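One chain, chain A, links the two complexes that follow: it is found with chain B in the first and with chain C in the second.
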Partner chain A sequence: MSARRIIQRLLFLVLVVWAASTITFFIPRLSPKNPIRERFAQLARTGGFSPGDLEKIIASMNTKFGLDKPLLQQYTEYIGSIARFDLGVSLNQFPKTVWDLIAESLPWTITLLLVTTVLSFVLGNLLGAVAAWPRAPSWLRAIATPFVLLQGVPPVLLALFLLFFIAFRLKLLPLGSAYSTGRIPDWSFSFILDVARHQILPALSLIFGTVGGWVLSMRGMGVTIQGEDYVNFAEHKGLSGYTIFRNYYLRNALLPQVTGLALALGNVVVSGIVVEQFFGLPGLGQVLFAAIQSNDFLVIYGIVLFITIAVASLMVLVELLYPLLDPRIREA
Partner chain B sequence: MNPVLQVIDLQVSYYTDTGRAIALNGVTLALSAGEKLGLVGESGSGKSTMALAMMRMIKPPGRIEGGQVIVGDTDLTKLSNDDMLKARLSKIAYIPQGAMNSLNPVMRIGDQMADAIRAHDPKADKFAVEDRCVGALESVDLKPSVYKMYAHELSGGMKQRVCIAIGILLKPQVIIADEPTSALDVVTQRQVMETIDRVQKQIGAAVILIGHDMGLMAQFVDKVAVMYAGRLAEMSTVRQMFTTPAHPYAQALISSLPSLDNKGVFQGIPGLAPSLLRLPSGCAFHPRCPHAMDVCTTKRPELETLDDGRRVACHLYPEKA
Partner chain C sequence: MTTIAIPQPQVQQPGRLTLLLRYLRRNKSLVFGLLILLFLISFTVFGLLTVDTKQAYPLSVRSKQPPSLKYPLGTDFFGRNLMAAMVVGLWQTAVIGLLAGGVGTLIGVVLGFISAYFGGLIDALIKGICQILTPIPAFLLQVVIAGSLDKRSVTIYTMAVVVLLLAWMGPTLVIRSQVLSMKERQFVSVAKLSGVGDVGIIFGEILPNLLPFIAAAFVNQVFVSLFASLYLSVLGLGPLREPLMGNLIWAAQGQSAFFNGWWWWPVFPALGLVLIFSSLALINMGLDELANPRVRRTE
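Up next, the complex of A and B:
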């Protein structure tokens, strides 16, 4: 991979970030509503404000957040602050910054999504590859089928199902939240175990919901690859079935799957956030939902922008790693 | 001379939805070390099935139903599956048709050669393996640097040479080359054939060259075997085959070839190749044969050796007493 290509990709990433931040800037401003007015009008309905004071508060808040300046100036300042990684402050939990909120919740989200995405990708591709491999034992090839059936069910519905039967009826695992109530987070083994127990159901619903997709696409790819001349010739060379499976069949069939992984990242984040909310995990999803409910606009935009940038960066990362898997891409 | 390859009464069938297709029907032949046999015949006559059967690579719904393939003094059909893995490439090697895609695009050429050696000799020293691979590459006129390259960095002719290099890595006694020059231009074809010729002389292997290209055959092989509907019709030396073919099908095949002296409209062979699902009774060629007699429709001719050494399966040549 040439340095020129890496620079090209990184410049493209900057372009994506710019486009995403511009869109998050202009979309809310297309609305005639002023977020600060909305927020204080909501507060005012609960009483305790005189209308005159309310206008003053709104005006001073507008000044504080720069909403009284001309649009173009707001835009350049906004882009400037994004460039300094400054996403602003939370209106609801002032003076916490959006970054503070993201930093608190991100570890939960990253752990859950990373583990489930990797497990689902590995499991799905192995099952799919085996399902298409004619010399695999038939019981092994059959394992893939139930996962394919589950593929049609959205993760949220699976979450509901798992919660009802495993947590509510059988009481095998906790019903939700990140750890048992009353525990104080620390790095002790028993606390980590407690957290892991709480993560099993959210993880399972995400894995079951996505594994089938990998199985299906890998099985299709596998059927194509096993008819390739090089797989045939490998057999003529007298290689063992395992060597052919791993080096000739799997490695080639995986190439388009890695592209698929990059493309799936966006979906992973979306279903992850919903499932998180469902199980009451204190991840990005919960912060986002809380912000939406309380009209905490800067937090909403900050998190949406953050997710966009994170997914775009991961896609660039996958693209930069791809030449390591496929030598044909290296010079291209 | 003792034959290095003996194929005895080889039978292969494919079980399809519409019935049993007999792809090889009692093929018998023998080759000595250093001999080159050209196997010709139209599509579906059983050439490639023959190659796959000798490698024991017939896949379901196909099945080897009988016969023996003896290389040296080993009967391949009697080997266990594991022993057959070891026998491939070390006793009998296959150089593939369509070498364009026969190399793994994501592995270095060297790794694809080394894994073949390691499959047969797991304890082989790393440097010894590399030396052997580079040696094989050099013997097919490729630079040692090819060892570190990928398939997409090579031309079609170079890829075919790599396949030949892999084929001779373990000095097999028999090399089967299945249309090794299809999809190559004529100049490269000739170079590739000369390479096969040279490495074959080096290791003294018997070569079976499968193909349609009669011109190429005429230049490179010693003997030609003509297949028709899963059986050998005739097997004779190149000179005999191209000057005085004995079997009516071989005659038709040779007279359909263009030549410099013989201008005019080419003569095709009337009719179509028979379906392997419903072979004609007696001699499978009789519906298309200009010399068909009554006996041809009822009795299957066996391969008989004529006085001049050629072997023909035809009722026109009376069996010797």
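Up next, the complex of A and C:
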């Protein structure tokens, strides 16, 4: 991997972040809604201050957040603050910064996504590889079929059916939320167990929703690799089926899947956020959604940018690490 | 020398229909996908003809009724007949999917052609924009767009446009790479040497050969658009007045339908959506096999 290539990819990353921040900056500005006006009009309806006061408050808030400056100046200041990793403050929960909100909710999201993505990737690739392996027993190859049929169904719909059958009909697991009502979060064993119980259905729906995709692409890869000379050669050498499967077949078929994982990250995160919100878990999805409901626009931008940067950086990282997995690219 | 008339064995060339049926027997996913789609279409058409569509809107029937003979799919908390809501919702889903999918594919075909056929600076520009936008999770930007709209004025058409705004990059890149590879084929060179103009080559030589890819891109585009619009509406960012199936699920979840025992309210719309997405995914797989015969070996 030449230094030039690394610099090229990093520049690309900067461009992606710039594009995302520019779009997120201009879209709300083009809309007729003024987030501050909306927010305080909402307050004015519920608790009493007169329309005259309202205008004064809006004017002073506009000055405070720099919304009365020319658009171009606002834009350059905004880009400047992003370059300093300053995402601003929440309008709704004022003293808190956007980073505070992200830090509070991120552990929930990361845990759920990490566990489900790893499990789904491993399970899907194994099942897919086995499904394309002619010497595997037929019952083992058949396991993959139901997952392939689920492929394409959005995880949030699977979540709904899991809720219906397991939580509503069989009453085995809770209907939603992060932990039982009335419990106070601490690090005790029973609390962690309670949280884990609440995470089973969200995790299952994300896993079932994504496994099929991996099975399908891995099966396709596996079929192509079987015809390769080196697999035939290994067979004629008399290597055991397991050795061929693991070292000659799986290892080669997995390479494009790693790229696939990098490309799928965006969808994984999006589905995760929607499922999280569906179950009422306190992750990034809930913060984003609460911000949308209350027009807390700096929080909306902050979270959108944070996720974009995370996804794009992971993509570039995988691309840069790829030569470690594939010796053939190291030379080129 | 005597000529002996050897009776020619009658070789029956199978008709086109037989060939088509034979092909479909091999391509099971395409058949199943089309069958589900056919079922959904007939359900919608039959429903639109027989069910009173006014009942798809709130306060039109008695609320919270479980499925019965009068209301086969029950009624919801707001007094909507779920049967009518499903029929109207399916129709609107079809409108969004066809609109966003169709226009997205069209943009993709046009940009992909321009980019690949003319090359140079235009190509670099179009390809660059697509590549920079692709890593950004489009759904997040769609959330920002939908969030900045005035909620009362969101219609299914706004929804289609919101979904479309960030969904044309995929087809553009696909069509571009196909045109690039087709441009180098010999039949294009022959046409060029015999004096066929750019327009003639694009419409007479390249486009007809691209049709399977365009069809696959279209189905995929419909799928992506419906996926995005489901996510938006499940989060309550859709056209709230309309009985779009994602909206029904959002409303049911908001009223804790499971907790209150009104299971039919979210379950039937979700079932409809599962059928839509499975059908599109199956057709997609089937078309993939049709357009790219190398995948056929997976059988």
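One rule holds for everything that comes next: the second predicted complex is superposed on the first by the 328 of 332 C-alpha atoms of A that agree within 3 Å, B and C clash if a C-alpha of one lies under 4 Å from a C-alpha of the other, contacts with A are read in each partner's own complex, and residues count from 1 in each chain.
In this text, a residue touches a chain if its C-beta (ideal position, glycine included) is under 8 Å from a C-beta of that chain, and two chains touch if they have at least 3 such contacts.
Remember, predicted model here, so these are calculated numbers, not experimental data.
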item: Chain A as common anchor, with chain B and chain C clashing or fitting; value: fit
item: Partner chain(s) touched by A:V153 [first = chain B, second = chain C, both, neither]; value: second
item: Contacts of A:V258 with chain B and chain C, given as first, second, both or neither; value: neither
item: Which superposed partner A:V115 touches (first chain B, second chain C, both, neither); value: neither
item: First, second, both or neither for A:F161, with chain B first and chain C second; value: second
item: Touched partner set for A:V274, first chain B, second chain C, both or neither; value: second
item: Chain B versus chain C as contact partner of A:A19, first or second or both or neither; value: second
item: Superposed model, angle subtended at chain A by chain C and chain B (C-alpha, nearest 10 degrees); value: 70
item: Comparing the two partners chain B and chain C, which touches a greater set of residues in chain A; value: C
item: Partner chain in contact with A:M315 - chain B first, chain C second, else both or neither; value: second
item: Chain B versus chain C as contact partner of A:L173, first or second or both or neither; value: neither
item: Overlay on shared chain A, then closest C-alpha pair between chain B and chain C (Å); value: 15
item: Shared contact residues on chain A - chain B and chain C; value: none
item: Chain B-touching residues of chain A, taken from the complex the two chains share; value: 134, 228-230, 232-240, 243, 247-248, 251-252, 255, 325-328
item: Sites on chain B touched by chain A in the complex; value: 55, 57, 59, 85-90, 93-94, 96, 98-107, 115-116, 119-120, 150, 152, 163, 166
item: Touching residues (chain side chain A, partner chain C) in the complex; value: 12, 15-16, 19-20, 23-24, 27-28, 30-33, 132, 149, 151-154, 156-157, 160-161, 163-164, 167-168, 175, 216, 219-220, 223-224, 266-267, 269-270, 274, 277-278, 288-289, 292, 295, 300-301, 303-304, 307-308, 311-312, 315
item: List of chain C residues in touch with chain A within their complex; value: 131-133, 135-141, 143-145, 147-150, 223, 227, 230-231, 234-235, 237, 249, 253, 256, 258-259, 263, 266-267, 270, 273-274, 277-278, 280-282, 284-285, 295, 297-298
